Every structure is written in structure tokens, then in C-alpha cells.
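Chain lettering (A, B, C and D) follows the sequence in which the chains are written, and residue indices restart at 1 in each chain.
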Amino acid sequence: MTTVAVIGLGIMGGPMAANLVKAGFDVVGHNRSPDKVKTLVDAGGRGADTVADAVRDADVIVTMVPDSPDVEEVTSGEGGVFANAEKGALYVDMSTIRPDVAVGVAQAGRAAGLRVLDAPVSGGEAAAIEGSLSIMVGGEADDFAAARPVLDAVGKTVVHVGPAGSGQTVKAANQLIVAGNIELLAEAVVFLEAYGVDTDAALEVLGGGLAGSTVLNRKGAGMLAREFAPGFRLALHHKDLGIVTTAAREAGVVIPLGAVVGQLVAAMVARGDGGLDHSGLLKLVTELSGRDQNREES
Amino acid sequence: MTTVAVIGLGIMGGPMAANLVKAGFDVVGHNRSPDKVKTLVDAGGRGADTVADAVRDADVIVTMVPDSPDVEEVTSGEGGVFANAEKGALYVDMSTIRPDVAVGVAQAGRAAGLRVLDAPVSGGEAAAIEGSLSIMVGGEADDFAAARPVLDAVGKTVVHVGPAGSGQTVKAANQLIVAGNIELLAEAVVFLEAYGVDTDAALEVLGGGLAGSTVLNRKGAGMLAREFAPGFRLALHHKDLGIVTTAAREAGVVIPLGAVVGQLVAAMVARGDGGLDHSGLLKLVTELSGRDQNREES
Amino acid sequence: MTTVAVIGLGIMGGPMAANLVKAGFDVVGHNRSPDKVKTLVDAGGRGADTVADAVRDADVIVTMVPDSPDVEEVTSGEGGVFANAEKGALYVDMSTIRPDVAVGVAQAGRAAGLRVLDAPVSGGEAAAIEGSLSIMVGGEADDFAAARPVLDAVGKTVVHVGPAGSGQTVKAANQLIVAGNIELLAEAVVFLEAYGVDTDAALEVLGGGLAGSTVLNRKGAGMLAREFAPGFRLALHHKDLGIVTTAAREAGVVIPLGAVVGQLVAAMVARGDGGLDHSGLLKLVTELSGRDQNREES
Amino acid sequence: MTTVAVIGLGIMGGPMAANLVKAGFDVVGHNRSPDKVKTLVDAGGRGADTVADAVRDADVIVTMVPDSPDVEEVTSGEGGVFANAEKGALYVDMSTIRPDVAVGVAQAGRAAGLRVLDAPVSGGEAAAIEGSLSIMVGGEADDFAAARPVLDAVGKTVVHVGPAGSGQTVKAANQLIVAGNIELLAEAVVFLEAYGVDTDAALEVLGGGLAGSTVLNRKGAGMLAREFAPGFRLALHHKDLGIVTTAAREAGVVIPLGAVVGQLVAAMVARGDGGLDHSGLLKLVTELSGRDQNREES
């Protein structure tokens, strides 16, 4: 039986660990705040008090933590993943972090005798619960093959996209497209409202043509209702757009729409709306257009 | 048997008329260049030498012409639709034109005793041939109900979105979203190429998550191959973005991404690339990033 | 003695007419609301009840009205300038209007036997009072030479920039640069405030280097104090940026910064701040950055 | 007699050192490539083979090097400024570097017993030769007072703008404004050319009104002539806009125009034009507008 250690049992990592249990894996979970561990144990997994304890006997180690420094912290040092995992174990970081940090982590992990993949996900909490995440994987093809059973237990579209760091690069591109698609839909919605169009009908027909998108399908109705409970918070998307902007700059890639939507997301965070769902960009467009959020809802 | 006159038998109007024939309508077609009429006659329709001849006995009149002035020309004057159609006939303009012009045309048509709808389409040549267009319809609910059999013969998603002009307003929003989605995908593609990611795999996984879109599904592979044969030409999309920009300005709606992508499309046209498919925005992003189109293809 | 008719005695036209009186011209003024005429009469000019009366015996006719339709109205028709002025009189429109309208007005004026110049101004109310306006003149060189004495009485930098319409084209470029320079200064000010820099000192040193500008010299201190009383209203600048955007589009000129600042000015107007001075763009940047206007003032 | 060590005798540092000699200071220079030292010795200064030798007996130490890592390297380590300068010596970094690095350097310098200022300059090579630089100084007021004689020997506008790092913050704002002003002028120039206006005359009249700027005065004529020999290279401005973008992001300041012009500058560098003067942005606008650089020159 394959033992999978999961470090980070938050909004995403928690349901992913539960799906691994359901799929028949022996799951050992660790989380900074221990109450999340209890949920996993209730679901049939095991708990570990430390990272070291969690990873010691694991065949596969998954981390799902907020940001680049968290991954560096949890992998390095005496109590970290790399110092305590068995040689040959497979380390899969599923957090969303900087591609260059992912490359560094992969090098450090290999130097410690592990196999390493970066495998960030798309789809949000709903897909984490359903086990239908999209997973973009960077690393060696053999390691990807070895990780498939674990990844298939939590994801639906699981694709190997290139060498170490490539998963994070694709995730960065994903966040660029998603932020932009939301903002474009927001601009379209305010435009339609201003002209008194039936917006429910309009979104239906837009969704049936070339303007259709997963953002429109999943977020459109909530946007019309001005329901911005997360979901995926603007503050996190702001972090991710910082990754895109920097990575694009370093590679000499020009992203004019990315740069502008990055400013709009930054404005939402600066104004104190970082806790809203990223579809909350509609709030900014509504306000910049001098329109009343409440009137639009009615 | 319902007689449908179709004015404008070009890339879109031609296959739409053919689908009306297939659906059992008596179709009378007129086109400025008469060779297109022959194609319709071969498919089982009838030809008319003038607009007046085409519309005289029609129950439903459809126009599918390039731009606002063309609609005004074909409807007005002694030889036009409004002077020659029977009272009570249903006039459906399916061209993409300015919403304010559509409102004016509707007023003029009603003054002449006709019923009028604006019903622009989305989906391009492929959907026109398949009869799977998305159709966004503005006008009276009764008139929409009366037009359904005709619209259903050429479209799959057929939605009434509001009073006269609303169809064009939704089409304008459609063009805003489509141009933006293409540009975002273009920025993502160049970013992925710059980092040496497997772009085929990347587009597969992006399509499976929140970044998925009809643009990605239909245009993504062609973009990776740098195949920019139209499809929908940038010069036409440039015209449409002019409509969006002006209409947004008049309504006090702020569209920052729309404004920027409008500049990029304008640049493509100014540089002589107006004849490329709108997915050709990728060519501009590639070049602005100092990358070689040919190298990317290999 | 040269007789100059001045149509439009508002914030700009009033002081310009007064300066013409001071320079020794025989000035006949007309204004839609007659109280402005009284001010001119008190200053030594003559009043006229109608446009026709004002222009009948004038050697030079100056118009200073709000927008393109106003110029068309005042020049055309039975009671207009062109029907009532003497053949060979010199007509100088100093309003800010669309370049293509200016070309049309020039053609109509010449057809009526007049000589015509477009001569919009820059510098605002202060420069109108001081007689130190910048004047950008389109038309024939001979006509420009003939108009110099009149133009020199109200302006300091008076330049012939090309054929009919060219004055308006240069004015459009002027408005593009000015809006952009204000917005850039606004972004810089909020950036400096966020880092706790001494902003008075910073503006002094910025003004001494390559970042120096007339906008910084004239508007900088007022911006730091958040004093946004007009001056030149955002609503008017919004109108002018509409002219620039349309004219650039028609000529195939790509203006990415112009397009973005046009959106920001549009937002100010949409939100109800169109009555503020154009330096009020700082209010928007401050708010988008989540900062408190009042705190910055203290 | 005050001894001033100057580390970095390049395009800027060389003429600054020469002006310090002229002003009567005892100047000891050091440069990585020793030929620059010879020029200083010929001008009446002294040379030093190492940083340590240069700073050992200096009352004031000036560094003028390309980027943040260069300042960190030259100040730290066994052979660096801080290990070899006398306690109480005044260290003035006049390079353009990241504000947060400047703060760190100041802390390290003070820990080593020195007094520290950040004092970046604006005005370019011409102002360095003339001794007319604008200098924006961050640090303690006493230290600023002590540094005045040295700063006045190389600059004309010398202003204390706040605590450590503030000089670099103001320089970042300077680079934001300058890049934007150049781009706006470029958009205006292409617009004027497209309409066949007399651009020399237009720039004269624009310069006399609210659109006037130091950029227009110093760069306008060269831009019309398409002369883009540096001057200040786009590659360096790209570096500086990276500083602005990051610093604005960290402080939650929204800079939409800054973000867009940053993309345009990035495009120039990516396309291989990083060696042109920053006024070379005109080349990009010209090309995006489908216009011929050579035709415009004639």
C-alpha cells in the first residue's frame, strides 16, 4: 500500500487528502494548526505532529502551502522534507509558487536523493472537493508516470508540461488568462447593464458563441447577482499576478493586458477588497463607471 | 409556406440561406455580385435581381451585410426594403452594426409598417455552415416568437435579450470579450514558449481548468501553429471594437482592457495585417517580445 | 481701424475680447446670454444682439464656443457667420473642435467667399486674461499673416502649423499630452506619499530634471494640496480625448497611453467628478491605491 | 582640504569627478577598468588601484555604479567601502538603485560607523559634464548639510527629500514620469505626422502651452529627426521601471500608465533596441502605426 504524506491541509489540501484516502492510499497529514489534522483522521487518514514525522515513511510527499517561502521552509532545514524523507521518495509540490523557486526546490530535492515534481492545480475549492482538479506537472517523465495514481485521485485533467518548473510556468499563464477573462466579462456586464439589456439572457447567448468560457459558466451568474464570497480571493490572485509579471519581465515577454489587469487587481487589494472572490473585479468596473452596485443587483 | 428573402449572400449569408432552404423555407436571395445568387439557386432557392424584387412577397426579410451604412442603404430609399416590403412583414437584420443605428433602423421600419428585429450572430463561417450560430436578438417579444422558426434554422443558441438595439449591444460585448480572450491567450502562449514549456500539453491542461474558453478550444491549436488564415478578419474586428469603444464612452462605461486590446488590434490593421484571422494578435505579441515566428512554429 | 467680431464671450472669449479692446481694435461682441456682452461694453467694446449684426461690418470674425456642433450652428444658416459676413473677411475659429469638422467649416467658409483659419488655444483662463495664450493655427499662410495682429493681441506663442484643420490636430495632440502628463504626475505623487517622502521637496527636484513640465510647475502644488477647483474641467478634457481617440483611430495611429488615460478621465466623469479640474485625476489614483485624500493633505 | 573618493568613473562618474577637481577638492578615483582612472589623473585627480586604497583617507566617498548588486558589492566585504573607510566619513551613493537596497546599505554603513546618504541624479551625461545635475537626497539632515559642498559642485538642483532611501524613491518617480512623457510625446508626434502637420511648428507651439516639458525641449527635435543615439539607454530605463513597478506594487500604489509604458519599454529591449536612447520609444509607436521611419524623417 502506498503511503502519501500531505503537508498543508487547508481549503485545498484538506479535501485533496480526503480524496486520497477515498482512493485507497495510506494518508499521513500534517498541518501547522492541528485542528485540520483531526478532520483528516476522522476521514480515515493518520496525523503527524511534525513534517519530519509525516514524511519519514512516505512513498509520495505532497505539499500544498500558500507561497514560495512556505515551500522553501517546509522542504529545507533539519526538520524539513528533504532531510527526513527516504531516498527515492517522490516529492510533489502542488502549491502555486514562483517558477524559479520551483526549479531551485527541485535541485535541492534531487541533491537530497528525492525525485521531485511541481504540480500546481487549477479549479478551486469545488474541484478539490470533487477530485476534478486540472494539474499541470513539471519534472521528469518517469517521475510523472510514478505520480499518476496519486494525481489521478485528486485531478481530472492531469498533464505533464515539461521539465522542472514548467508546472508553475503554466499555472502562471493560467492565472494571467483567468484574471483577464474575469475583467473582460466584468467590462461586458457593466456595458450590458448600462444599455438595459437582459443580462441573464445575454450571458446565455454569449456563453453559446466564441465569447464562451469557463469563467462565464462558473462565475457569470454570481457576478450578475454581485455575490463575491470566495472562492479564490483577490489577494491570492494579486500574489500570482506578481509572479506572472516578474516572470514575463525576466523572459522579455510583453503582456499588455496582463499588466493592466494586474493594476486593477492591485487596486482591489489596496482598497481593502482583497478578501473578495476574484470575480469581485466587477465591483471595481461598476464603480469606475459611476454605477450603483445595489441598483444593478435588483 | 413561409417565404424568406435574404439580402447579402456572402461568407455568412450564403450558408445561412442554404440552411433555410434545407429547413423547408421558400428562399429568395439577392446579392450585389450576382454569382452568389447562382449558388443559392443551385441549392434550391430563387434569385432576385433587386432588393425590391426580393422582398416584395416575403414574409420574413433577412439582411446580412458588412456595416452600418450598408444596412441603412439597403433598407432606405425607393428601391429599399422598407419601401417595397408588405405591411406586417418581419424584417430581421443579422449584420453586426452600431446599436444606435439599429435603433434608428427599427424606428424607420416600424414607421413603414414592418416588424423589426436586430439579430447579429456569433460563431463565424463554420457555425453558419453548420447552422449552429449563436443569435442575440433585440426587439419585441412577439416579433421574436414569430421569427423563431427562421432563426432556429440557422442557429443553435437563439436568445431574446431586450428591446430594439439590444442584440447589437450584446454583439458588441461579445466582440469585446473575444478580442480580449484571444489577446490573453496570445500573451500566455508567448510566455509559455519563452520558458520552453510543452505548449500543446499546456493548452490541454489550461483548457481543463478555469482558464478554459471557446477561443482556446477553437483557436489555440492554430495559434500554436501560427496559422492565421481567416476565419474572422482583424479588419472586421477592428470595426467592431470601434463600435464597442464608442458605445461604452457614450454610456459612461469604463473598459480598460477593451481600450488596450483595441489599440493592439488597431496596430495589426495599421501594419497591414488586417486580413489575418483575429487570432493573429499572437503575431504582434510574438514580435513585441522579440521572438521569431518561425522558430516558434518548429 | 480694424473691426473684430467676437462670438462667444465666456471664460475664454470674454478676456480675449477685452485684450483686443486694449490692443486698440474696434471690438463687437455677441453672446447667447447677453450679460456677458455688458461686460465687454463696460470694457470699451460694442455689443450686438445677433450673430448677423456682429459680423456684418467686421474685418475679422473670431468664434470661441464649446464644441463642434456650436461652431457649425453659428457659422451656417440664414443668421450665421457665412451668410452675413462681407466677402473677403477673415474668419478665425478659436474653439477646440474635431479636426474633420474644422476642415468642413473651412470649405464652407471659402465657398461663401471668406478666408478661414482654425486657431485653437492652450493655456487656460489665466493665459486668456494675461493675453499669453499658445495658439496653433491651421489654414493658408497669407491668411495667417493677415490674422497675426489679432492673434498677437491675445497670445504669446502663435504658430502656423499647416493647412486647414491642422490647428485642431495640434490641439488634439496637446490634450493627449496634457492628460497623460497629469496622470503620470498623479501616479508619482501617490507613490511618493506612500513612501513618506517630503513631496514638496520631491516636486522641486523633479521639476529641475528631465521630469520637469509645465503641468508640474502649474498644477503640482495644487495637487499636493488636493485643490481641484477648475481651471479646465475634466468633462471638457473628456470631450477632447474623444476627439483624439477618434482621430487617431481614423488615421491608424496607435496611442496606448492615450487610450488608458482616456479611460481614467472617462471614469472621473462617470463618477460625477467631471466638474473638477483635470488635475483631479490625482483623486482617482489616490483612491485606487486605497489611500485617504484627507490624510494626504495634512 | 576635503578629500573625496569617487568609485565608478564611467559616463556619469567621470565628468562628476572632473567637476569635483575643478571645484578644488582632492579627488581620488577608482574604476574597475583602469583607463578611466588615467583620464581623472590627467584632469588633476589621483588614482587608486583598489576601493580600499581609494576610501582609506577620504572625508567623503561617492559611488556611481550601474545597479543595486554593484553598490552592495563595492560597499561590503573585506575590500569594500565600509571595512576600509574611516569612522565618521560621509558615504554618498549616487547610483540609481532599489530604494529598499538603499535602506539596507544605509543601515550597514551606519553599523560600520559611517554617515550615509542616497543621492541619485537626473539630467544625464550633458548635465554631468556641465555640473548641472538634479540631485535627490535621502538621509539625515545633518549629513545632507555636510555633503552640500560636494553635491553643489556637481549639481544645480540639490534637494533633501527625506530619510534614507527617499532619494531613490524620488528617482524612481522621476523615471516613471520621464518614460511616460517620452511615450506621450511619441504618440503625439506620430499623430501629427499622420495628419501632415508641420511638426517643427507644432512642437514649438506645444512647448509654449500646458503640454510643455523638459522632455519636449531636450528630446523633441531629435525625435522628429529619428536620432536615437544615447543619451540614456532604454535598457537602463527598463531596469529603472522594474524598480518602480516593484516598489509601487509593494506599497499598494496603482500606476496604470506606468504599467503600460513599462510594457512598451520592455518591448523595445526584447526586440533588441535596448541600446537606443529612451526617446527611441518613438520608433515603436511609428512601427505599431504602420508608418515608415524613413519617410517621417524626410
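In this section, a contact is a pair of C-beta atoms (placed from the backbone, for glycine too) under 8 Å apart; a residue touches a chain by one contact, two chains touch by 3 or more.
Quick caveat: nothing in here was measured; it's all calculated off a predicted structure.
Colleague: Taking each chain's centre as the mean of its C-alpha atoms, which one ends up farthest from the centre of subunit A?
Modeller: C
Colleague: Give, as an integer number of Å, the spacing between the C-alpha centres of subunit C and subunit A.
Modeller: About 52 Å separates the centre of subunit A from that of subunit C.
Colleague: As a quick test, compute the distance in whole Å between the mean CA positions of subunit A and subunit D.
Modeller: Centre separation, subunit A to subunit D: 41 Å.
Colleague: Going by the contact rule already set, what residues in subunit C reach two or more other chains?
Modeller: Residues 252-256, 260, 267, 269-270, 288-290 of subunit C touch two or more partner chains.
Colleague: If every chain is a node and every touching pair an edge, decide which shape results: line, ring, star, complete or other.
Modeller: complete
Colleague: Which part of subunit A faces subunit C closely enough to touch in the complex?
Modeller: 256, 260, 267, 269-272, 287-291
Colleague: Subunit D touches which residues of subunit C in the complex?
Modeller: So the residues of subunit C in touch with subunit D come to 99, 122-124, 127, 133-136, 156-163, 165-166, 169-170, 172-174, 176-178, 180-181, 183-185, 187-188, 190-192, 194-198, 201-202, 204-215, 218, 244, 247-248, 251-258, 260-261, 264, 285, 288-290.
Colleague: Help me check something: in the complex, which residues belonging to subunit B touch subunit C?
Modeller: For subunit B paired with subunit C, touching residues are 242, 245-246, 249, 252-256, 259-260, 262-263, 266-267, 269-270.
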